[in-house]
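Please go over the structures that come below.
In the two assemblies presented below, chain A is common to both, partnered first by chain B and then by chain C.
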Partner chain A sequence: MADRRRRPRRAVLALGCLALACLAIPARAAPLDRAAFAAALCGDAAAQVRGAEGLVQAGGALPADDLARAGRLLGALAERRLSCTAEGAVLLDRPGAPEGRDAVTDAVRPAAEARAPVLGLRQRAAIETARGVVALLTGPDPAARAAGLAVLERRIAAVPEAVLDRARDAETDAALRGTIAGLAQAAALSSPDPARRLGAIGAVAASPSGTARARLATLKGDPAYAADPAFRAAVDAGLAKVSRAVAIGDGLAVVYNGLSFASILFMAAAGLAIIFGLMGVINLAQGEFIMLGAYATYGVQEVFRQFAPALLDLYLVAAIPVAFGAVALVGIVVEALILRHLYRRPLMSLLATWAVSLFLVNLIRVTVGTQNLQFAMPAYVSGGVPLYADFVVTWNRLFAIGFAAATLVLTLLILRRTPLGLDIRAVTQNRDMAACLGLPTRRVDRLAFGLGSGLAGLAGVALCPIYSVNPGMGSGFIVDSFMVVVLGGVGSLIGTLVAALGVGGANVLIEPISGAVAAKVIVLVGIILFLQRRPEGLFAVRRRR
Partner chain B sequence: MSGALQTALPSSTGPATRALRDPLVAGLVGLCLAAAAALLVAPPAPYLVNAVGQLAAFAILAVSLDLVWGYLGILSLGHGLFFAIGGYVCAMHLLAHGVAATGVLPDFVQFMGWKSLPAYWAGLDHAAYAFVLALALAGLVAFVFGLASFRSRVNGVYFSIISQALVYVAMLLMYRNDTGLGGNNGMTGFPLLFGWPMGAPGVATGLAVATLLALAAVLAGARLLVGSALGRRMLACRDDETRLRTLGYSTTRLKLGIWCLSAMIAALAGILYVPQVGIINPRVLAPDLSIEIAVWVAIGGLGRLGGAVIGAILVNGLKFWLSAAMPEAWPFILSGLVLLVVLVLPNGLLDLPGLRLRPTWLRAAR
Partner chain C sequence: MTHLTRRSFVGTAALLAAPALIRPAYAADTVKLGCLFSSSGTMANLEGRLNHVVRMAADEINGRGGVNGRQIEVVTSDPASDWPLYAQVGRQMLQQEKVAALFGCWTSVSRKSVLPVVEQNDGLLFYPLHFEGDENSKSVVYVNSPPASSVLPAVDYLMGPDGVGAKRFFMIGSDYVWPRTINKQLKGYWTGKGIPETAWREEYVPFGFSNFQTLVNQVRSFASQPGGQPIVVLTVVGSSIPDFLREFANQGISATDVPILGLDMVEADLEGLDTGKLVGHLNCWAYLQAAKSARNTTFLSDWASYVKAKNVPFSADTVIDPMVSAYDSVHLWALAAAKAGSFAVPEVRKAFAGLRFDDPSGYTLTMTGENNYVSRGVFIGSVNEKRGFDVLWQSPDAPKPVPFSPYG
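Let's look at the complex of A and B:
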């Protein structure tokens, strides 16, 4: 009863101490007065709150071992392992143990008949906050520190800037550091000090992102926005700056996504374009060749896992020649067994390649299974780097883009600079004349079919880090890549590239406006309409038949 | 007469041009009529009745594709679109009919949160209007697509893959719930047919008989068409379009007309198919199904109406049987069958009786 009557006065006292602590402690960076702290925790309710809040305020400047000790005491208090004897506080191993260590000197002391303080709601909240500060500053791993941060987030107004700054500067985990910085900004934005608020607005505007924009936009509803012209000007200027930067970042992201989608389309369509241009054969199994490339990659990964686990990260690189070779071989076999007989009947070759695709899908389904394959993601295709505003360059997409660019260069080199390329171009332009000049056109066909199939296998490698790999994955590409081939113009690799960029870009541009399906529909209908005007596509190779 | 006709046309056209009397087609028409009569007199087990009806619907679909592929050389890989148009309009009619009779809205309409059927369903509870609408819609879509394609001389493989893109686009559209025709789940739960409860005895038999009669009529009509002067022009267009155009015929008009007719026959097949299976969903628009139609025709015998019917019935009969008996093996059998036909029997299984044991690729070397 007596305690309760005295509380208002003590609360005023505590507030006074708190204000004093605010001003004094960060400047002096004094170590913790351990005895006083232990005594405060053993004191009455107000003293406990005062002790905890004092620790919170001083947390930004205290040495780490002081913080750790204070954390142990607070933890013991919360778990009823803190026993208060006449000589001072004693830490017990478990609640009700007969003896423990002295809170200040660590000497073993009996704790019989001692009082273990019981915490009320208010003390508990203050102590939780203090423990959160300790965990954030001294937690051994990011998970512990993140847990401390989560506690602080609920009572962010009570946490001084110095604590968050220190935590941010000391943080080694990049994601957690970002969270801490964001929280510090939020705390500063809602602080009662106008100068600190203006500074915070400037800081938020300096690192633009979608969340920064949302954060600034909520300030428009703040009473100070209507009352304080300087504040309003700062918010408006900051918001305009952030909005502009976010728009640019989003634009870059669209371009980047369009580019990565286009490179996948290009990879899928390049082989198709070579085959179609040379032989007039639409290879409906091209999607399944891509799938085979992905499964070959999986096979390489498993081999690495089995025989060279240390080099596992290199499996994607090692898979490149394997996938190319394996799928090219499959292509050559298909050509030799089936397509060779169908060159004069292109419509029948459509059905034949469809039968091949049906066969391959079900072969994989029966032998490997229908589930999605699990790939180990090497460091160079996981994560990304934030470049500007919300625009993050993800490594897996960059991998696909780089892969497609390398494939383009290599394929162009093969077509333009090698004897095989010369033969392929000759047969594409005029098959009969090339045959008359002594070119073995059938052999050229076979090699070109192998090259086109191998390119599909490469596309399979590039897809592994991005798409889910399962037996049915090929059917998703087939219509899109046909449209790219037809739009680009038969037999023109550059046309295929331009068409892939156009289709990929258009898809990504339309998608935010009307949804993914509608984007696909609009693009396909657009291509169909375009082909009515120019049936030979964008870049038609001049040829005679 | 028949000999003269055959020498006048390129020899590759084969038996299709031989005579106006085609014993195979006549036999199939007779078989259809006989089967219809048998179903009426002594109906077998319900599942068998249903299977016969579905096979007949597929046969109609195959004939519609054979008309454009076998006789005009236009391979459509998008005929599932017209089949689906017929099917969807038929399903809409059945649902609208059910709403008019019972007042209970279909599930998907309730799911979308609508209070009544959308305005464009008005009048669909009248069977005659729905029937005409289905055929007209299929014809219209075919006309627009065909006009654009044939006028700019899109043909061959190009036409095939563009028609495939068309059916793919339609599939994507129908998979969206917002499109409003049941989305992903499609439309099912048809309560009534012409006022009869769907499950009533005799409804399945009636549908199967109607489909068989429709097949007989389509076969006979198609036979008359390909045997007429117009039919000979179709073959000429298939074998050398440039020459026919040089001779003063409008090949665009010819192709467009037959193309629209074929689309409407495919829609008819869809109309007859949906009440028998009791469901329509966007899977009928999958490009694979449209390719399968071409596979039926190729297996049965391209460019012969009887071949299309036999191919559709054979492949689908096998599929009914095998996809239940050994579902793993069916895709392998189908792909093997396709490769066999494509490589060894260029005119389909109808080649079998007169098969010379010299592989085609040796003969093709000439």
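Let's look at the complex of A and C:
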């Protein structure tokens, strides 16, 4: 039925497309010249671009099976599965396969000694657009067609009207149909028809972004802007609307970036707040505990890969208890073997934890290697979604923010609502009195050290999707975490949270103005000045002396 | 910066520990070569490999009977990505270990720190990285390319019709001498081509920086402004490279929107990344793993078997340009020492003129004696799905190196 509706339009298009006869593919309602198309894709850079652009131009008129076949060829070319032999192009199942199917006749042919062209950026862009057209016109479900549309949206200037019209007419999904129509309307920004131009301005302004702002801003130089008051008003109104939306989007991005940086700082510092706050131990191995957490996550991933590949996407969740437990255990062992003997000698415990950090780094280096670990990133921590104007929410950062919030709540619950938390708070406030009242302070120390280490392990899980995981990754966190803990007030988890938010927010706010290097310096100087005024930090825990 | 602060915290301890960082080697009838590559700190993942490659090259030469009748002995060290420590360890290597030559440094800041040491002690440092040029010491052999034969061809490619016709440039670098000099020269180059100053932006980050959200936001907003196709010229180093790439891909920018030319980006930086969304970004080096030559096939299989035999903690299937350059360095030194019939630095230096060596890249390395630069080929690589680089373009021959840039 859709076919019948399209037929008169196709006849009109055929006339229009005759003008494009110089292209590699004759753009007619007639089927695709498969041999010529395959030859173009196997040609030099210019021929490949011509072939792909020709398909885009003719796309509105080609039969669906021709489009699908062209899409397969383009996909193979992009993935280096298109092998160019002397007898013509061969489609392979995988790159470097010994034989494949002929691009024109589908006969099985050997592809040995053949050339698989490497695409330059210009060809890649043209081929991406052509694949977008194919996906939009022949995609089996709305998601596939929407993905094709998203590609075309970025290069809307290169897409002929006919393609969008055909896609809109054939679209069954109402929402997607609306999107296509909006895009088609927006594409008419340089149309000679004033009414369509006004519509286009409205359509462009309806989906605000920096690009939309730039497109509207160029209209200010248009002769119609000076001559036609209606046009001028529409451009000005559209521009104001888009600029406002972009400003809001940028503001949201600043908030999001600040939150995300703060969540990383908080995750790294939370364990230290407990260890440093309770025992006064300057634990220089805290960064390496984070690293161990990340390696534990890797271990969990490998176990999943081995025994439950179907559930691989869940390994990050499964790693949470494992990383916590494993690193807490390491912390308890370190405390029992080393730190226990050094409680009265803070300088010694500082050196001892530094030695532990060196030991752990080298242990991992020798046993696992120094390369960055390869993580399979599940969909919930890779990529992002544009939320409003130019504001993109990246999933890995959102994961870290959520993770940090959950950690905060759980740690507060442990500290405030459990017997262990009560003991920890008692020992933090007055160790001698707690001991007099019969609290086993040494046991509490050990458990608190385990809790603090376990929190570092959790930080390792949260950081896997964001940073590169290698034996040296911990060293970058130690200074930042001490900074946050000292600024927040030793022993106060809420102080640590506020300090993390403050340092993260300040960094993100200053960075665009003065650059990342100066931002770091300014924040450090600010902290020094603050600590001179208030050495006990933001939230000091009251202690008895 | 965090790293240095932490180090200063225990600075004295590190300095005291430095003598123990050199692994001593005792044997008669050997000639010692010293390595200055970090196996800890932000550069560890990259520099660490070069120690092993130097050993592998030395083993190869020893297998053929050594040089001038002596076996080569490799002395390694760990300057811990701490730039002043390179100078200190280098001095010990030259004065106490009496090494015949040093092979070392990745970042230019570490080379600049070793430079006075090798000059005072009349030593010889083989430097395996492509770099900013503008330096011509008789004590340093610049085994890799200055910008005129690496960066400029790549930028030209991107600005030309085969690339993307780039008109605007966002430069992001680590804050030290290499990125700043490269960017200065690029700006001079663009000014010479009549490109206005408004067409570029320059941002720097501290060493080991990883929070690239704000910068990638800025790239997106730069890209949405009118004025022509933008590209990113990336000169961050070490662990910042994968962190930048990850954020770039997560914010949904593809190589066909804004291509990145990663000047320090090597195969090893892509380990651990999902490169499906990074396909098409570019780098430029004097060697790529995908280089087609018989010597490369041999080299790759030699490295793989060396990794297996010696239990080296690095990937057996990843080979990067500085590894090949370090390998070339040892061979160039051995050729020169054999030609001179001596290990004395002045004699070896004289023997550099007219040296030729066929290296894995498929080009023939040559030295002229005019300076200590080596002629290398030029490759432009394009990231593929398999965490490697495809060869997008390569120079027809090895251009003559130009030490001093005319562009500022």
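Please note the rule applied: the second predicted complex is superposed on the first by the 359 of 545 C-alpha atoms of A that agree within 3 Å, B and C clash if a C-alpha of one lies under 4 Å from a C-alpha of the other, contacts with A are read in each partner's own complex, and residues count from 1 in each chain.
Assume contacts are C-beta pairs under 8 Å (C-beta built on N, C-alpha and C of every residue); 3 or more make two chains touch, one makes a residue touch a chain.
In this text the structure is predicted, and so the values were computed from the model without any measurement.
Engineer: For the overlay on chain A, clash or fit between chain B and chain C?
Structural biologist: clash
Engineer: Determine, under the contact definition given at the top, whether A:217 touches first (chain B), second (chain C), both, or neither.
Structural biologist: Second partner only, chain C.
Engineer: So, does A:374 touch the first partner chain B, the second partner chain C, both, or neither?
Structural biologist: A:374: touches chain C, not chain B.
Engineer: Which partner chains sit in contact with A:105 here, chain B, chain C, both or neither? Use first/second/both/neither.
Structural biologist: Touch status of A:105: no partner.
Engineer: Taking the superposition as given, does A:418 touch the first partner, chain B, the second, chain C, both, or neither?
Structural biologist: In the superposition, A:418 touches no partner, neither chain B nor chain C.
Engineer: Could you look at A:479 and tell me whether it touches chain B, chain C, both or neither (first, second, both, neither)?
Structural biologist: both
Engineer: Look at A:533 in the shared chain and tell me whether it touches chain B only, chain C only, both, or neither; answer first, second, both or neither.
Structural biologist: A:533 sits against chain B, while chain C stays out of touch.
Engineer: In the superposed model, does chain B or chain C contact more residues of chain A?
Structural biologist: If we count touched residues of chain A for both partners, the winner is C.
Engineer: Examine A:514 and indicate which partner it touches, taking first as chain B and second as chain C; both and neither are also allowed.
Structural biologist: After superposition on chain A, A:514 lies in contact with neither partner.
Engineer: Run through 37-45, 55-63, 109-117 or 163-171 for chain C and report the one that clashes with chain B in the overlay.
Structural biologist: After superposing on chain A, the stretch of chain C hitting chain B is 109-117.
Engineer: Using the superposition on A, tell me which residues of chain A are in contact with chain B and, in the other complex, with chain C.
Structural biologist: 284, 351, 354, 361-362, 366, 475, 478-479, 515, 517, 520
Engineer: Can you tell me which positions in chain A touch chain C when the two form their complex?
Structural biologist: 45, 79-80, 118-122, 124-125, 128, 154, 209-211, 213-214, 217-218, 250, 253, 256-257, 260-261, 264, 284, 351, 354, 361-362, 365-366, 368-375, 377, 382-384, 386, 390, 392, 394-397, 466-473, 475-480, 507-508, 511-512, 515-517, 520
Engineer: Could you list, by residue number, the parts of chain A that touch chain B in their complex?
Structural biologist: Touching chain B from chain A are residues 276, 280, 282, 284, 338, 340-342, 344-348, 350-352, 354-356, 358-359, 361-363, 366, 475, 478-479, 482-483, 486, 515, 517-518, 520-521, 524-525, 527-529, 531-533, 535.
Engineer: Which residues of chain B touch chain A in their complex?
Structural biologist: Of all residues in chain B, those touching chain A are 69, 75, 77, 148-149, 151-154, 156-158, 160-162, 164-166, 168-169, 172-173, 175-176, 287-288, 291, 294-295, 298, 328, 331-332, 334-336, 338-339, 342-343, 346, 360-361, 364.
Engineer: For chain C, which residues are in contact with chain A within the complex?
Structural biologist: So the residues of chain C in touch with chain A come to 1-3, 5-6, 10, 13, 39-42, 44-45, 48, 158, 161-164, 175, 203-206, 208-211, 213-215, 217-218, 220-221, 223-226, 239, 242-243, 246-247, 249-252, 254-257, 259, 268, 271-274, 277, 279-280, 282, 313-315, 318, 382, 384-385, 390-392.
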